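Both complexes shown next keep chain A, but they swap its partner, so chain B is in the first and chain C is in the second.
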Partner chain A sequence: MTLDGVEPLAMDFGGGSSLDGRERALALLLLSMADDEFVIGFSDSEWTGIGPILEEDVAISSLAQDELGHAQALYGLFVDLVADGRDVDAVAYDRPPEGSFHARLLDHPRGDWAQTIARRWIYETADAARLAALAETSHAPLRELVAKLRREERYHLLHMDAWLERLAEGGEGPRGRLVAALELLGPDAGTVLAPLPGETALLRHGILAEPWSAIEARWRAETSTKLIGLGLEALPATRDPETARTAHSDAFRALHEEFTLVRRSEAGATW
Partner chain B sequence: MVTTPPAAPGLPALGLVPAARITETRVLAILRRVHDPEIPTVSIVDLGLVHAVRLDGDGVAVELLPTFVACPALEVIRATVSEALAVLGRPVRVEFTFAEPWTTDRLTEAGRAGLRVAGIAPPADAADVRCPFCESSRVAMDSAFGPTLCRSLFYCRECRQPFEAFKPL
Partner chain C sequence: MSDAPAPVGILEPWEVFRQEKDGDPMRHGGSVMAPDATLALHYAREMYSRRQESVHLWVVRRADIHDLADPDLLQPPLDRSFKKPGGYVMREKLAAARQLSGEAKPRAKAK
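Now for the complex of A and B:
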């Protein structure tokens, strides 16, 4: 897989960009992580005010706030590296929907509560595997941020584990919805850990500890143990891993329309 | 209260504190009067936010550690710190850093006491959380997520008060 093709859309570098191969691969990694956190955080925020119970309304809103903050910090590292004149808001809000580099798992609409939980659980487990593989990354600002993120994400994972169990053991209705959600999302579950362009450079320069395939294999082993323990099926192989982050859905285009609304209606607004 | 010392002989009185008088101790003393807007009973020093104070050239640089990456109070804290240090009459730089992760171990004893005064149980494993009002251990976690990113929701079965606990991190 080459960097060309995805890069003009996802990164839209200014003409004067002088990034080398290592920096381009690192920039795409940062952007993929930032976009993932941004899109799932924004999707979560759609539950604010309509969560199934008050505590959960607070919890999912808190998760959304965490993820948007993580996205902001990751976009910050991207902006520092790419230095093409864009600030964090420009990167987050000014790209067309086709240029977003989040995983297809996050292209699905939030759906019902079971679908939200199933997706969050899949995402949190995959994100934890990704962060673990970056714990010793050679890019110091990322290493420092990852140490911080892992402490916070632990709470997300605990919460999602508890909800997964609650739905799986919650009788016919909740379990049926969970099973349907896992079937729907399953083929896109692995998109979070699908190989990124520039993987060779990431490995050669010690940015990523091991190949994406190894990270994914460990994640699959862990999630299978959990799912099978609950009498559920292991997650299936990834559908179309080549377009894991580049072909986006109408549901995402609608979400993009929503989250860019303020920015588009009042250029340069701060809030 | 800061008084401007008389100008040294031969130097013009600028109304500023001479650079030699600004020490890290002095800066920290000022920062002890700055509070997290969401926890008004704990200073940012006792909260463990201060990573470094640097006196370089003619300025003061303060590096702070965010408790949570997405903490919305950060910009307020940055502004409050700048305002408080303006008394030194030197350029002030306030930066947030992830150079080391903020953890609840950074809270001082005074910080933990201050949390209790605010009705927030200091961070502990869920089993060790005590009610900040009656000290009872007969408490139950309602939800790991509370009204701010750094707090969980608990209920005290002894005094029948809901309360918040700082999340261990």
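Now for the complex of A and C:
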């Protein structure tokens, strides 16, 4: 993946950065995970109050809240590592939209319920594969956090599997919407696991257990089994993996505008 | 109340039972609407344990509960106090017997 000038915006390392190659690679990994969780968490929180039924409204809102909590913890590790004077809120809210480092899958808006389920099912399965490859990571704070995240993400995956099955088997209407959503999101599905800059350093220093290509291959095998079992098509190859986490959509710019609105309304205020 | 399974995707009420800590009985917590047992458990988790207030949950389709609320069967009108575990009130009979025999009431035992 090329960074196209995103790294300075995302990282704000400046000229005097004292981070070495291992630390820069680790910082980008933490930021990519934190931004993924933050964006999907914020985006899915739009269902609060308008969920399909009251129980699911609570469930999806709770999932969204979990992801914001995960993002906060991951930003915390990033802040500790980079130690450039920014706090968690500054990293989360004060970057321009082009400096966000989330996967292009999450550039798609929540859409209808089927699109939300398809997007989140793809994301949860990919995130589970990523977390599995980090279970024994050499960065101790991340190892401890990943163990906690995996326990919470288990339920997320169960809930998304349940919904994927019900939409796929729910008759023409729900199935048609699900198929349309998977077709729309499919080419961007693999962006969550697209190789990050610094992959060599991540592997050499035991931060990541195996190359992104191996993680992606395992994820593709698992998702294909599930989708084909439901009579659906396997996810297609990733479109433009070079820009998997850059060149964000207008939908994301609108989301960014919204989630930074309060923060921007009074710069430097204590909330 | 029917034994036939509900049609797919139709919401119905499920009763939720929860155990607060190991060793406690399962107590009725409330209910959720769900189309099937899997989602009923997911929703029960959200409603009755999202803040770690349960260690064990059951969900039961309300339609699977057999109901009895007939007052003739549950609250019979005649005196049934002799069936209660407290048994008869003996105080007056004992007092009369003691008076007859001239025996004093035993003092409460020292602890």
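Just so we're on the same page, the second predicted complex is superposed on the first by the 260 of 271 C-alpha atoms of A that agree within 3 Å, B and C clash if a C-alpha of one lies under 4 Å from a C-alpha of the other, contacts with A are read in each partner's own complex, and residues count from 1 in each chain.
By our rule, contacts are C-beta pairs under 8 Å (C-beta built on N, C-alpha and C of every residue); 3 or more make two chains touch, one makes a residue touch a chain.
Remember, predicted model here, so these are calculated numbers, not experimental data.
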Superposed on chain A, are chain B and chain C clashing or fitting side by side? clash
Check whether A:170 is in contact with chain B, with chain C, with both or with neither, and answer first, second, both or neither. second
Contacts for A:151 in the overlay, against chain B (first) and chain C (second): which applies, first, second, both or neither? first
Contact breadth on chain A, by residue count: chain C or chain B: B
Per the contact definition in the header, classify A:62: touching chain B only (first), chain C only (second), both, or neither. both
Between chain B and chain C, whom does A:103 touch in the aligned arrangement: first, second, both, or neither? neither
Return first, second, both or neither, reflecting whether A:73 touches chain B, chain C, both chains, or no partner chain. first
When the two structures are overlaid on chain A, which partner does A:159 contact: first (chain B), second (chain C), both, or neither? both
Report, in rising order, the residues of chain A that make contact with chain B in one complex and with chain C in the other. 55-56, 58-59, 62, 155, 158-159
Partner chain A, residues of chain C touching it in the complex: 8-9, 11, 32-35, 38-39, 42-43, 45-47, 50
Residues of chain B defined as touching chain A within the complex: 66, 68-72, 97-103, 142-147, 149, 153, 167, 169
Chain C-touching residues of chain A, taken from the complex the two chains share: 53-56, 58-59, 62, 155, 158-159, 162, 166, 169-171
Partner chain B, residues of chain A touching it in the complex: 55-56, 58-59, 62-63, 65-70, 72-73, 141, 144-145, 147-149, 151-152, 155, 158-159
